[in-house]
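Look at the two complexes coming up: subunit A is in both, with subunit B in one and subunit C in the other.
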Partner chain A sequence: MTEVKKTYKNYVNGKFVRSESGKVYSVNLKNEKFEIPLTSKKDLRDAVTHSKEGFKHWNKLTMYNRSQILYRLSEMIEGNKDSYISLLHQHGLSKNESKKDVENAINTIVWYSGIVDKWEQLTGNLNPVAGEYFNISHQEPIGVTFSLSSNKVSLNHLVKSFLPAMSVGCSVISFTDENAILALKLSEDINNSDFPSGSINFITGNFGNIVEDVGGHVEVKLVAIYSDITNEFIKTLSERGADSVKRIFNKPAVDGLASILPFIETKTVWHPKGK
Partner chain B sequence: MNNWNYAESKESEKIVSIEKKYGHFIGGDFISPNSKKYLDTISPSTEEVLSSISIGNEKDVDFAVQSAKEGLKQWEKTSPSERSKYLFKLARLIQERSREFAVLESLDGGKPIKESRDFDLPQVAQNFFYYAGWADKINLAWGDQRTQPYGVVGQIIPWNFPLLMLSWKVAPALASGNTVVLKPAETTPLTALLFAELCDEVGLPKGVFNLITGDGTTGSHLVNHKDIRKIAFTGSTSVGKYIQKSLAGRDVGLTLELGGKAANIVYNDASLDEAVEGVVNGIFFNQGHVCCAGSRLLVQEDIHDEFIKKLEKRMQMLRVGDPLDKNTDIGAINSKDQLDKITQLVNEGVKDGGELFQIECELPKNGYWFKPSLFTSVQANYKIATEEIFGPVLTTLTFRTPEEAVEIANNTEYGLSAGIWTEKGSKILWTADRLEAGVIWANTFNKFDPASPFGGYKESGFGREGGRHGLLSYLKDSS
Partner chain C sequence: MSLNNAIKDKQLEWSSVMDIVNNVRVDELGVIERTSSLATRSIKREAKLDALKRIVTMCDLTTLEGEDTEGKIVQMSSKAMSPDPGDPDVPSAAAVCVYPALVSTAKKVVKNSNVNVASVSSYFPSGQAPLESKISDTKFAISEGADEIDIVINRKAFFEGDYRKVYDEIYSLKEVCGNTHLKTILEIGELKTFENIKKASVLALCAGSDFIKTSTGKISNGSSREACLVMCRTVREFESFGFGKKGIKVAGGIRDAKDAIRYLVIVNEELGDEWLSSKYFRFGASSLLDDVLKQIKKLKTNAYQSSYYFPRG
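Up next is the complex of A and B:
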């Protein structure tokens, strides 16, 4: 019997879509070759539009609810563990490395699931001002985030490139190139975890095709670069991004509280005390 | 017309001694500029030349940065508790010489003495005192996060709160273990130069604090210097964007505190008299030369007429004049350039169809002055409703529902601050949650404290100054 081969598509606004350009690029695994959507500038703009809506929906949910959705993702991956291990093996990792990586990824997701309703207790505080005022600093998510995920073949690294932003309430457009299959495979479990449409999107292709548009798009509030990209790309992003004072982080922390700090904005509210 | 006659009550200028000419403060000494070029700093209330300051060229900047690099070696060797003590000592000295600083600030910048004396200087001293205490507790500030100072930090500050902005920048930078090259604004360098003398007096290791004076070109040399590890800038959004662009592709930290066009929302259930006071303070404090000034008054439609009447009456009580007179509420506009800019925007507002109210008062013959102004009948697309005027000019817009108030308030690329006036607690919290601004004042306005983080959303910049959060602007992740 002939095996059925999967067609991998971008994941945008809760739907699996081809590039509007119709273009693809090839990713070679050990035994198989796949054609992956080559994201165009128009695809990027669509993803941003949906991500902006997704941000609103993701933020409407309570922290408790968001926490459970992330936890559900770990459950989904646990259930499909073997298929991830096999896919990583196809990417060239040993069976053992693949298994370890999937387990690490699950642990990472569980950790971020648990921080969703706690981080603000660690980053916010009352400020002891010299006067009769109630003064509190708390944090809000910055908004639509474009994330360039790690070049490493690793599910754990992949999830670490969007969970910090997601866990504080940002919506994410996650971009991958050579690891596209892993990301698009993950999007299937994301799709089964009750994330609001548009809150997390996966697009794939050649970053050079869209770098100027990512930098120049005013609705992309933050760019997080977890991969090794050329200094030329970073320069382009920053130069274009400066027009909208875009937040751009090259290699932000991937562990602990430090990993979420880039994605939050501090709001300080004052009120007098009195009778 | 205001018929209350006050007797003049002038703060004496004798307390300050100003040199004819100043060099840069580099490596613990005042040195003549390599550029051999100077520019005059004048008193905006009299147009009298106060002194000449050096214009730093590329070589001057390089000398200052090299000095800060040398200073870093000393500062790294200095234990956190010793660093802490230097900052405490600076705070104490500032308190002791506070009157001198206040007079100098008012002379050089034009702000009323009651503000420099009762607001700027106490805040400056408190700011050094506050961050002094953090210097030996950096490891406690952000949990188990491993951090390290950037190293040599370049800081560029504006002319509206010269010494206060110096303290916002220098105190946390030094407390976190960095060394500094500071460039004050070209129109208001004198208090920073006096501060440099204090650094010498407390025995701060040479090169830890360096001061380079000059204009925009000096600042640009500082930003582009290859050995700078971080730039902290407060000023206009356009210059902020230019700096961000200049640093593109370089591994240099950046925090920006830029412009604003804050909405001050007055709901119909506000305590109107208190709101009037708050709105007046929100826009006329420091001649409106405040990035977080409440420059857009959003008043609920049904109380518009009553509120504007009260507001105009209160505005008429404002006393415009000599900054050194203790009765003065509104001092001089900081420079001729700024006055021209304000005048032009106000003229455009009138041309667009805005209704202009200005208080009746006599303005001094010399110096730069602008009457406190209020625009009504303004459309949201007028320049006066969207652009930062940075002067004593308030623009009024109206709204019907809380949703509409929030929409108008957020309809700007800026996001520095906002105000809310209502007696209803739940409405404050509902509104505060929805306003895109880094600082929100509810039933108050323009309140600042060293312990309270300050900084913007959106194109008002990034990074915070003040409080525990302010430390993060001078520490980088080292995990």
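Up next is the complex of A and C:
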């Protein structure tokens, strides 16, 4: 029987798409070589446009519903556990390490699906003021975020690069380079988990090709770097992002409540106390 | 009978108009092919910047909602005068397009600028009213200070085959308008076929319209590039037989700069660059302008923009 090979594609706006440039780059695994999309500036632009819409849809859902969708992702991965393990193994991890990594990833997703309807109680608060007012710190997701995922071969690290933003209601453009196959495989389960189109997008390629546009794009409100990148890139991001006051976080926390703090914005609300 | 034979001493008899209308033929596949091949033209950098700025000057910034208030019109009119206050290089829009009751409000704001006030009339968008009402609607808009009038053709009469009525109504309204610019909306989404679009274009042009316009923007099938091409060709024939230059306004569903540039390509290729000015070509739009402003800034700063940073209106 003929063996059918899979063509991995970018995942943007709930669709699997090739790069508009038609360009690809190679990722070599143990026994196989894959050609995957080399994201161009225009692909990034399209991803941001869709991500902006995705943010509206994702953020409109109730926290309860968002939590269920994230939990469903863990169910999907659980169902396809073996294929993830074998893919990680192909990347050079031992069978044991691979299994452990997938289990950790599932645990991470379950944790974040739990925090979705609880974080605001934990991070927001009622502030003491000298007057007959309530002064409340109300918190909101920041909007469209760009995440450069870790270059460590790990499903757990990969999910940790977009779950903090997703769990508070941001939409995410997740960019991967060396771990691209893993991310694109994950996008298939994401696609089966009821995420609104555009709320989470996966694009792959060479970060250097798009770093200027990531920094410059006014609609991208935040850039989170979970990978090791050069100071040159950080400088470019900061300079290009200055006009739109973009938040740039190099290696933000990846565990616990601290991991979600970069992705929220605080609004202070004053309200008179009734008598 | 061709348009050429019909025109004797630059006078169009109704019988000649009827002959032309009855003999309209359009090569549907040819139109679609030509339109899609023109859509592949690549307009970059300086040419793109020039096109974008032209689009701004061709924009009729429009709001035609039941919820329109004076405040909203003032805001939109100010935006038409200086679409991007942060960049003096960006020209003003061609006109603001409002309902008759709000013409005087818009006029007060734009009176010292080169922005015109256009008003829809003749019982826009359906046109389902007696001619007397349409005339008084139009007279009111003009008395309030409208520089341009957008009317709708009588689609009821058109589909009943009463072309004479369609023609007469436009003719009467042009008489009311006098020197006031008259744009006639064909509502191509309802006409559906290219032949109907061409017939309606001929009727509107022969009856004295200064512009023919694609749509009201009130039905889901708005403008299409194919319809624009058919209309361009009608305008070209009309001009080539000595009846002067007429304009085209496309409206309804044109939301991004890329699409707008494709319209410009069609006009340039079918009619020539003389038509690439607000005198002969307009975009009726509400959200298009924002995208054009974003693209202009993108070209200048090389950073993709958000409409958040431009004036609302």
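In this text, the second predicted complex is superposed on the first by the 273 of 275 C-alpha atoms of A that agree within 3 Å, B and C clash if a C-alpha of one lies under 4 Å from a C-alpha of the other, contacts with A are read in each partner's own complex, and residues count from 1 in each chain.
To be clear about the criterion, contacts are C-beta pairs under 8 Å (C-beta built on N, C-alpha and C of every residue); 3 or more make two chains touch, one makes a residue touch a chain.
Only a predicted model underlies this, so the values are computations on that prediction, with no experimental measurement involved.
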Side-by-side fit of subunit B and subunit C on subunit A, or clash: fit
Which of subunit B and subunit C A:234 touches, first, second, both or neither: first
Subunit B versus subunit C as contact partner of A:29, first or second or both or neither: neither
Per-residue contact with subunit A, leading partner among subunit C and subunit B: B
Superposition-derived angle with apex at the Cα centre of subunit A and sides reaching subunit B and subunit C, degrees in steps of 10: 80
First (subunit B), second (subunit C), both or neither touched by A:271: first
Contacts of A:243 with subunit B and subunit C, given as first, second, both or neither: both
Contacts of A:130 with subunit B and subunit C, given as first, second, both or neither: first
Which superposed partner A:216 touches (first subunit B, second subunit C, both, neither): second
Nearest Cα pair across subunit B and subunit C, whole Å: 5
Shared subunit A contacts, counted only where both subunit B and subunit C touch the same residue: 243-244
Partner subunit C, residues of subunit A touching it in the complex: 45, 48, 212-213, 215-219, 240, 243-244
Partner subunit A, residues of subunit C touching it in the complex: 301-306, 308-309
Subunit B contact footprint on subunit A (complex, rising order): 122, 125, 127-131, 133, 135, 137, 231-232, 234-239, 241-245, 247, 250, 252-253, 255-258, 261, 265-272
Residues of subunit B touching subunit A in the complex: 126, 142-146, 237, 240-242, 244-245, 247-249, 251, 256, 258, 413, 428, 432, 437-444, 447, 449, 451-455, 457-462, 464, 467-469, 472, 477, 479
